[in-house]
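Two complexes are shown next, each including chain A; its partner changes from chain B in the first to chain C in the second.
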Partner chain A sequence: MILKVCVGSSCHLKGSYDVIEAMKEVIKKCDVEDLVELRASFCLGCCAQGVTVKAEGLSNAAVEHLENGDVLLHNVNSQNVEDIFLNQIYPYIKK
Partner chain B sequence: MSEYLLSRNVQCDDCFKCLHECMVKAIAVKDREARILEDRCILCGHCTMVCPQNAKVVVSETEKIMQLIASGKRVIASVAPSFVSSFGISNFSTFKLALARLGFSDAEETAVGAEAVTRKYKELLEEGTYHNFITSACPAACQLIQKYFPNALQYLAKVDSPMIAHAKILREQYPGAKIVFIGPCIAKKKEAEESGLLAGVLTFTELRDLFTENGIVLSEIMDVHLEESGQHANYAKTYPVSRGIINSFQKRPEGYSYLAIDGIDRCFNALENIEHLHHVFLEMNVCNDGCIGGPCSIKKDGGTLRAACEVWQYVDHEKKRYPVSPDAGKTRVILDAEYPRLRTNGRPVSKQEIENVLHRIGKYRPEDERNCGSCGYHTCREKAWAVINGYADIDVCLPYMRQRAETMSYEIIRNSPEGIVVLTNDQKILEINNKAAELLGIGNVEFKGRMAAEFFDPGEFVHALREDGDIFESEVYIEKTDKYVKLTVTKIPDQHVLFGIMKDVTSIVNYNQQLDEVRQKTIRTADEVITKQMRVAQEIASLLGETTAETKVALVNLKKILEEDKKEE
Partner chain C sequence: MSVSNKIFDTNVQLVKYKVLKEVIKHAFAGDLASSQISIAKQIAAGNKESMHCCIYKERAISEERVFMAMGGDRSNPNPIAVIDIACDECPIDGMLVTSACRGCLMHACKDVCPRDAISIVDKHAVIDKSKCIECGKCSQVCPYEAIITRHRPCIKSCKVKAISMDEDRKAMIDYGKCIACGACVYRCPFGAITDKSFVTDIIDMLKQSEEGRKYRVYAVIAPAIVSQFHFGRVSQVVTAIKKIGFHQVVEAALGADITLYHEVNEWKEKRMLTTSCCPSFVAFIEKNFPELVQYVSSSVSPMVEAARLIKHSDPTAKVVFIGPCSSKKMEFRLPKTGGAIDSVLSFEELQAFFDALDIDTTSLEDSSLDNASFYGRIFAKSGGVARGVADVAASYGVEGVEPVVMSGIDECRVNLMKLKLGKATANFFEGMACDGGCINGALCLTHSSKNVADVEGYGNEAKEKTIENSVKLYKLTLPLKSGARNQE
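And then the complex of A and B:
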């Protein structure tokens, strides 16, 4: 699966750099480096909703979370990255 | 995925023995029922050996295999070399005959496959591509690495296990034949099924039962040696004992240190430290002392030590009997295997989630986490992880439950509406609750351990101690607080303790006194009325008497006058 962290101007100002760093750590901690590809993305168009992360290619179990096949997670910050990753992404990673 | 190990639903309340023993915590104990988590289980079978209720059962394939034989198919047995110790015989021909009686068309020792595996290992070791080299003969060890030590996967030999190698060889030799592995291992059942090369696996215990059912006694079978042409000494028959694989090399390739690790805790230790090991050949067996200590081996007096001796002797005998062949283990069959990383279902948990769970069981500071292990998990945090993943009940925590029980009974005693006094037999105070302190007029002073006589008169207690019965009731007036108390003293001889319950009966006593007063007053009033009545009656009587007397005098006088008048006429 692919995780795209928005690095548009708004998200950048709201700390997407920290989010990427924290995300890297969580992915390493959960030992799924081989399953998750972390990328940066240009503006995802959710400038008013905090740092946005787009998750692509999750398993069907996550369908209810999906918006056009992908998941958009808003208001991500370095504090809640772990929580969001463990609860909203990890269970739906295709193994 | 089919099941290989089952947990029967028996009374396994609060035992946690299996969970204690399970190194990978592949058991969920919820709602008083232990369940094996297949995605986490490596099928080491430790739980089958420790369960006091024998609730862990190996799923038997006996029926399936006997049906296969009955169907007339050609079924060939591949027998693990630990048969020597499990069945106590050192002649494979005998074993072969016994298996033939069950309907197996042929049998070979799995050591044939093991020999090929050793040869393959040797090639790889000589190539030197492996930094460290972990043997792949133990399926539970492979599962352990695949599931829990992905870092060590690069060291795991990409070679088939002897069972798979042997199955491949047999399938090539006897096309169309069905192969059944017979050994002491549970994990082999899974390995066999997933390979698709074998028709099934019989454990030694299952085979023993089959022998018994069919009246086959090994010692009664003729002790013949069925010689085969070109037979050579098979060094790989040492595989089932620890250091057996290392000893299966006729000459060990140089450049590696050869270590044997047996027992799951030692495997853990080795795998955790694998990064610090260099040029090490690790022979890894999850069972203590190797396959001879397998969960489905037949246990006998002398244990695994005797079993090891038997296997070593068997191989020594073999070495003396047959010549060494330089071509041992040579085969056209390809023995390459893939051991991919396997993932378990439980998810990692965040610090915050763990904290939340710990708070719910009264652990707020690091020193509250006692890591006592009584719940079955190594640490409080591991337990919290299990709770979040739904593998464990949250309140199964001994310090927490104890604390809760103690607090509850303490609170009940402290706040009881009746006074409770506990004294030792020699009148020292053990406990006085709030109500009793109030009744006895004991202020806010430290009384525990001091003599009761300093605070109140323990006369009734002393009295109770001298009496015969266990329970002694009396009513006492306490001058200090002007209270009347109904005191029930119970003797607890085991603890040398007197246990007094005080019931405040002051109000009842007061009421009775008032009632008494009213009664007295009524009696007094009645008396007064009676005397008054009497007096009045007497007065009336006396007045009546007087007037009667006066009337009498008057009438007598009148009569006298009338008589005198008559005389004068």
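And then the complex of A and C:
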């Protein structure tokens, strides 16, 4: 699966890079580095709810789905990254 | 919004803008093909000529301007072209003896002339044009200051001597020498040399994107933008660009951060490097110092680097560069850029877009624009790249960088000659074709000394003070590793 962290200007100002660093840590901690591709994306169109992270290719998800099954996660910051990853991403990663 | 001439430096720019605005309006409306003649009539309005011999000639010139606004002669990849019927065939050629000449006994002019071109006829100095080499010595020694040097503005502006007169005294560009810097475009008082515009391509691109459903169109903007569009804040200009139909606005300065990173690494290996971000400077080396091409940095320009980042994160994206530069209109079609940029828009053309679509920048909300570091942003002014390379090298523990800043082609020529002859003391050569750097680019709305301070201030506003995070982003957007879903 692919995790895209928004690095558009608005999210960048709210700390995209801190989210990316924290996300790297938790991916490593959960030992799913070979299953999760961490990437950056320019503007996911949710500037008011940044930092936004888009999860593509999950098996299922607890939160709202986009049309194609991808999931948008909002208001991510370096403090809540681990929580969001463990509850909303990790359980739904396809092997 | 009403547009006064104050937005531009010159009336030539204003006329070009008026044509562009109408072309953009009709291209959006879809009736451009049938409107070309009426646009030309509207621009050359009325029944009386204002500067040429008759109104019909002025209309014909306007038709040519419309043609240029629609891309001009596309078989020539150089974006600079002469509108030959607009050329005034300036009757100016070099040394001129004015009525101040006294036909004196000393006749220092005659004595100093290295080609024996001056004789005194009827108490008046006369210059034999077939012998004169326009060295200007007679002008310097005349005690009455009676001899003046005059050159055609186009020829004077062209630092690579690519412009000459054809047999009809029309300006003629030698494309083998031209580096597309655009100096002549800004300097020709009749607007007879102009840059081709790709606004219609961009409108097609936006229309076919179906508002982002088929693909997204991104704008990459040059940092020099901060010294332009003074009636609104940069953050409002960003909103305005999105209103045109662009999905997102990204700073070219982000690409500049990555260019810096590459240049420092490359310098570490080669120990002798020139910049490669100014395409006119690179073309100048290729055409005049082919033996120095080996020292030109292999890193791509910030424009291309930023576009690659976007396309790595959004593979179907289309990218339009918006800047002050005519040579970017040449660069984006070079094979070495690999099609990273889909089209190029000038600041002048952006202004025409805003007004054609009635976008009032001053009334818009702000959009943030912040991706790049301080260093990426100051790329726009002469000395910015050198400063960036020196500081970034120091932060990576790379020692020994001795930069030299070359502002304008004349300075480039002297320093490259030193390098060629092995007399250079510097080992990092920053070259920019425009005097003062991109902030004085040929297609800027205004060219003012204040621009430097604007860019410095804009650099200081960047959230990132170092290029570290930009480099991280660069690595993060590189093509996919194995093990994850391959979406490309």
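We take it that the second predicted complex is superposed on the first by the 86 of 95 C-alpha atoms of A that agree within 3 Å, B and C clash if a C-alpha of one lies under 4 Å from a C-alpha of the other, contacts with A are read in each partner's own complex, and residues count from 1 in each chain.
Keep in mind that, in the parts below, contacts are C-beta pairs under 8 Å (C-beta built on N, C-alpha and C of every residue); 3 or more make two chains touch, one makes a residue touch a chain.
Please read these numbers as outputs of a predicted model, since none were measured by experiment.
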Chain B and chain C placed together on chain A: clash or fit? fit
Return first, second, both or neither, reflecting whether A:Glu82 touches chain B, chain C, both chains, or no partner chain. first
Query raised in the report: After lining up the shared chain so the two structures overlap, which partner does A:Cys30 touch, if you call chain B first and chain C second: first, second, both or neither?
Result: first
Review point. Is A:Leu13 contacted by the first partner chain B, the second partner chain C, both or neither?
Key: second
Touching partner for A:Phe42 - first (chain B), second (chain C), both, neither
second
Per residue count on chain A, the busier partner among chain B and chain C is C
- Counting only touches as set out at the top, which of chain B and chain C does A:Tyr90 meet: first, second, both, neither? first
With chain A at the vertex, the Cα centres of chain B and chain C span an angle in degrees (to nearest 10) of 160
Considering only the touch criterion stated at the top, classify A:Ile2 as touching first (chain B), second (chain C), both, or neither. second
Practice prompt. Examine A:Gly57 and indicate which partner it touches, taking first as chain B and second as chain C; both and neither are also allowed.
Written response: second
Least Cα-Cα separation in the three-chain superposition, chain B to chain C, whole Å, stands at 13
Overlap of the chain B and chain C interfaces on chain A comprises residues 34
Listed in rising order, chain A residues that touch chain C in their complex are 1-2, 4, 7-10, 12-13, 17, 20, 34-43, 47, 56-57
Within the complex, chain A is touched by chain C residues 218, 238, 247-251, 309-310, 313-314, 367-371, 463, 469, 472-473, 476-477, 480-481, 483-485, 487
Residue positions on chain A within touch of chain B in the complex are 29-31, 34, 82-83, 86, 90-91, 95
Within the complex, chain A is touched by chain B residues 150, 341, 343, 347-353
